[in-house]
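Structures are listed in the sections that come next.
You will see two complexes here that share subunit A, one where it goes with subunit B and one where it goes with subunit C.
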Partner chain A sequence: MLDFSLTSMLSSLFLLAEEAAPAAEGISWIALLNQALNGIGIVGILLLTGLGLAITFGVMRIINLAHGEFIMLGAYVTFVMQDFFKMDLLMTIPFAFIGTALIGAIVELTIIRRLYGRPLETLLATWGLSIVLQGVVKLIFTAELKYVRAPSYLSGNLSFLTNEAGTSPIAISYYRLFIIAVALALLALTMFLFYGTSWGRQIRAVTQNREMAKCLGVNTKLIDMGTFAYGCGLAGVAGAVISALKTVAPPMGQDYLVDAWMVVVTGGVDKLIGILAGSFLIGESNAIIAFMLNDPLARVIVLAAVIVLIRYRPEGLFTVQKRA
Partner chain B sequence: MSKHMIVKASRRKFLQYGSLTLGASVIAACSGGTSSSSGGSDEAADLGENPIKVGVMYSTTGTIAIVEKSLQDATFLAIEQINSGTGPWEANGEGIAGRKIQKVVVNPNSDWDLYNQMSKRLIEEDQVVCVLGCYTSASRKSVLPVFEEKNSLLYYPVYYEGNECSSNVFYTGAAPNQQITDSIPYAYENFGPKGFFIGSDYIYPKESNRIAKAELEQAGGQVVGDEYAALGTTEFITIINKIKAAKPDFVLSNLVGDSIPAFYRQYKDAGITADDIPIMAYPTTEEEIQAMGPEFAAGHYTSFNYFQSVDTPENKAFVEQFKEMFGGDRVTNGVMEAAYLQTFFMAQAMKDALEAGEELNTETIRAATRGQEFSAPQGRVKIDPDNYHTYLYSRIGRWKEDGQADIVFSTDAAVKPIPWSQVLYKGRTCVHPSPDDRSDPIKETGKDLETQYLES
Partner chain C sequence: MANAVLGYKQSTFPTKLVIISLIGLLIFAVLPFVLGTFQLSFLSKLMLFGTLAVSLDLVWGFTGILSFAHGVFFTLGGYASAYYLKLNLSAAANTYGVDIPDFMVWNGLEVLPWFIAPLKYFPIALLATVAVPALFAYIIGYFIFRSKVSGVYITIITLAIASALTTFFVSQQAYTGGTNGITDVSSLSFFGSEIPPIGLYFIILAYAAFVLALSWWLTQSNFGLVLRSINENEKRIAFLGYDVAQYKIFIWTLSAAMAGMAGGLFVPLNRFISPVYLAVAFGTQVVIWVAIGGRGTLIGPFIAAILLGQFQNYADRVTQDWQLIVGILLLVVVLFIPNGLMSLLPERFSLANLSKPTRISPRAPSEQKS
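Right after this comes the complex of A and B.
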């Protein structure tokens, strides 16, 4: 493995050095700029898929290994809505939110509720849950890949710097911009809910001191269920939005689970804004390193970097000062 | 005190619910799979006396299930037709010389080690006479030592990278010279000399691209980029940007599984049309195109032995019967057709052996399978008696807006298989002795091997 990655790194560095010489300097800079711009598209997907986890893990401290499956459920809700009711993708987003939030609420009621304060058992139970959800979806929809249609008005590219040949070396697709917009809007909405409403205040009170909040008349059970359902609903929206750009299949959630965890852990779990920083850092560094070297290698490097970061800042980048 | 009670009570509850979840998950992971052997007693009653036990080994769960489930479907259709004497088996009556096939189905859950264990189980415990199965090269490599050690037979239905010639495997998918050898010169002549090669990061795409690279360089072209993505990757913007920067004349894609729809969608989404840079692919078939939406593949190319649009009476019947059994919205593709036709090769061989008064075992089935011919949906095909690969048609399809292929290139007859790429290993071929004593079959002729076709 080490040998392999080392040689492939060396060979790609060699190729890079070889190519840099004959090609004009400017072109590779423009290509790099284009890649950096498109890295924002990756950031958008990371932010969107990480947001739900930032609620269920970041706020509620539930080690939720079924997060990816809630993304998958959202994608399937979109598929069903499109297939049976011929809905536009944008129209299906509320249904994806409500559908996954409902399933999330049921899961909280039957499994998670009984496991608060026991992270290890929660981990096992949610892992089992992820296998069950995958199995159920496979039984209902079979293992085939499913097709979700992207809205036609979101096709096309926003381009900068059109050259004389009529092609533009720097461009980003409208759909990726749309993903970023949805992600930022959801982040803003979530921050408003948490820091600007009484529901948010109650949530934070329950996380900080459950017993005291209970004494003061907060219905902690309802708050827990609502918060978990909201986090799952966000995952469902993520699934709905990315379903048109990626592949819809029962195991699809596994792919996003690791990324979502990296984002949440890097950004820090105490502040929601941390996941914006986390997804930006991971998405952009992944994009730039992958462009210089290659995709599998970039993943290795970024993962290693996250491990080093956690070693020195176990709480992530954005932390809240706490009393010991 | 009371707190202690609560903890105790909830621990008991946890055990209840926790074991429920875990138990359910274990059932979900194994369901339909590891133990659905012999298909239950009611089916056994229908199979009459002395059925022939055949192993069917495809994953119906895990990452590769997407493809292998449809291979299993095609295999089941063939077995059903053989047992009931319908379809291509109509002239032979029910079963094989009166004996029906009893399928022993296992599900290795897309886990390469499980393929190895389950093939052992099929051969030793279930005592099947042969096995139909496997999709990825990784799984074939995993079971190969088992079939060679136990001297059993595997029918393998997938196009692959070649470089193999076992006495215990019949390869009914394309060898390199039935897919790569025609598609690369076609791309060179029709698109241009510069190719950008991409693939999933494992043995088949890498080896296949290595052969394609040698073919392209021999034709006078050059490879301007070579990129691999981990199996299951669905984010391709980096590779697409590298393609944009390298400005190739065509892209050769050996991506497999769920990466395929994601790549084609993001390719079009990034503003590259099929007119700018067409994609030539091997693993992209009707099934993946249905999943990505046909508009994303329209104008791109795939090289395969079979397309659903192949115009033969056998194919018309095959498509019709498949849809009847599995639903009108299903499509057929090249790997499914190979899984289908190899089941008939096996059945014909068993029939010949039984009619000659022989017992069914590895030796008799192997000897009888060599040289079998069959009118498959793709046309007349034949197992090469020397190298155990299959004479297959070589075709190139251009995808249309309706998700079907417009066949732009086709050989007139099935091409004789050569397991080794002749650009990389000039003159190397494979001849199993007759009768097969399992000695080393590799022959170095040192000469250019001429393309031979199946004579009708």
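Right after this comes the complex of A and C.
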């Protein structure tokens, strides 16, 4: 009756794994390559969603649990623009940025500003904010799923190999390439803003020594507001771009919140480039483990790995060790 | 606590607190005879949520560890009890005979897995309800508190744990029932006779009272004093020679055990358990109860859970957007009433004040001036 064998225990853990890879003929390298290529698509989404958080958490140290909701807001801006003004998805991106950045600025003025230096309170307040934003959007647009169309010139796949049957085992959709391109462009833009402009210099000055920056005539409150709004705007762009990939609904932001946090924590927040490394590591390991086992298990393993990582390197993998 | 510091010789019996608690207990003991069947089980459910909130208050309000994983501990206890109830279904109620639950058959399992089989027996199931969440918490606690990981990162780790476990439980459909969880469980019986809802109510009331009393006793002891010191200045208390990690691990594990038992009692009431209670959203709900009720007040989170639940019940009939109201309430509390709604009560009804020994020497330091 009872099955006490070790194999049953193991199979309990890897039951679905066996189902996912029934043929024990060895790993198909072509399929693995395809999976790795599609992992790039995940990397793009992670990079987009993590970038805004890298600003609000990495630079300003604000624990923003409403980050997902800013992504959701961006998606809704795109939906509205496309639905009412028949705009192309690409055209809606600036509106998504401006719209969410404005809301971000208001949030900073009314909520975040009161809670600087109290991380746990900020965390709670932003969670309250996320509930409120979801509720308000639900009131306006109802809980109904909305759909955003991807531009027609971005449909189709880029294929690298074509076999006899005419299908291509290694392919990536143009839209995923587009996501990557947007993400990389935004990263480059952000890095330019931070390291190449006077505004960026002021932001870095404020994060390094707020009092001193104030003494030197930096308007720290304006900088705080601008930086937070910029981070939220980036989340809005992420939402605009992702909206065509998935359905738009009030709770959609929740799906991205934990992942965005994992990316930021893995990459470390010392350098913005860490976010690229973090999303690459998480996205690709997710894709490859999912290929070898299955999707849910890949997620569990990656999350567990990140937890272990936080335990040993809370400052992230790609942070230069500072001397005390 | 007070007697240790100030050297009182008198009894430390907090008469006022005991009187208030007894009145409260009396009200709860009379309520089931007044309420209808729906409210009876609904109130039982809310008391369990309240107990869960109290367990979180121990680690968050007193020790300063904000956790989104308390829903996880609750649900782990819940699953242990759900397996017990599922395996004890009568043959008539079980589609595929008494040997194996229906959802396992649907997912192609033929033999009851060895790690679930022992849960058929009540003592083992009872032990597992407490021990599984406690052990899980102990492992996590040992892992994170013995490192230099600080406050916010611990919270992010708990978020990740809740998220990962939800995915895991949903994916292991054959063992956990997947998204639906374990449904159609038998009701709890005592030596062959089924326990009526009112019996369950009193069991839950007793458990809630026990958890509140234990938590109060713990936090008023010297142990509680150390916990509060950790919350206020972790470095300093470490310099004084206390092993901070040890204290944190202990309270974390104890709190998980309390949450697990609450989850265990939840299943006979709710008749099912599912990954919904594992998810981050439920963990956040617990955090909201504690934040709104008042951190470090024990009774505050308990009352907040019950009142918010009742409020939700009524609001649901009027509008679908009660969540929005909860969100606004949370924002208002965090921004304007940082110590929670309990702090709006007059000072002399605060837990600290009521916990003081009744007979104070005539020239005791007066609280009014400070």
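Please note the rule applied: the second predicted complex is superposed on the first by the 293 of 324 C-alpha atoms of A that agree within 3 Å, B and C clash if a C-alpha of one lies under 4 Å from a C-alpha of the other, contacts with A are read in each partner's own complex, and residues count from 1 in each chain.
In this text, a residue touches a chain if its C-beta (ideal position, glycine included) is under 8 Å from a C-beta of that chain, and two chains touch if they have at least 3 such contacts.
Just so we're clear, the structure is a prediction, and the values are computed from it rather than from any experiment.
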Open item on the list: After the superposition on A, what does A:L216 contact: first (subunit B), second (subunit C), both or neither?
Closed with: neither
- [ ] Examine A:R149 and indicate which partner it touches, taking first as subunit B and second as subunit C; both and neither are also allowed.
- [x] first
Task: Residue contacts on subunit A - larger count, subunit B or subunit C - done: B
- [ ] Using the touch definition from the top, say if A:W261 reaches subunit B (first), subunit C (second), both or neither.
- [x] second
- [ ] Considering only touches as defined above, state whether A:P119 meets subunit B (first), subunit C (second), both or neither.
- [x] second
Open item on the list: Just checking: does A:L158 make contact with subunit B only, subunit C only, both, or neither of them? Give me first, second, both or neither.
Closed with: neither
- [ ] Considering only touches as defined above, state whether A:L245 meets subunit B (first), subunit C (second), both or neither.
- [x] first
- [ ] With the two complexes superposed on chain A, say which partner A:I140 touches: subunit B (first), subunit C (second), both, or neither.
- [x] neither
Open item on the list: A:N34 in the overlay: touching subunit B, subunit C, both, or neither? Say first, second, both or neither.
Closed with: first
Open item on the list: If we overlay the two complexes on their shared chain A, which of subunit B and subunit C does A:I131 touch? Say first, second, both or neither.
Closed with: both
Task: subunit B and subunit C footprints on subunit A, overlapping residues - done: 111, 114-115, 121, 124-125, 127-129, 131-132, 134-136, 138, 254, 294-296, 299
Task: Complex contact set, residues of subunit B against subunit A - done: 10, 13-14, 17-18, 21-22, 24-25, 28-29, 31, 60-63, 65-66, 69-70, 201, 227-230, 232-235, 237-239, 241-242, 244-245, 258-262, 265-266, 268-271, 287-288, 290-293
TODO: In the complex, go through subunit C and note every residue touching subunit A.
DONE: 66, 99, 111-115, 117, 143-144, 147-153, 155-157, 159-161, 163-165, 167-168, 170-172, 174-175, 280-281, 284, 287-288, 291, 320-321, 323-331, 334-335, 338
Task: In the complex with subunit B, residue positions of subunit A that touch it - done: 27-28, 31, 34-35, 38-39, 41-42, 45, 110-111, 114-115, 118, 121, 124-125, 127-129, 131-132, 134-136, 138, 142-147, 149-150, 155-157, 159, 169, 171, 173, 175-176, 244-249, 251-252, 254-255, 287, 290-291, 294-296, 298-299
- [ ] Would you mind writing out the residues of subunit A in touch with subunit C in their complex?
- [x] 1-4, 8-9, 12, 15-16, 63, 111, 114-115, 119-121, 123-125, 127-132, 134-136, 138-139, 254, 258, 261-262, 265, 294-297, 299-300, 303-304, 306-307, 310-312, 314
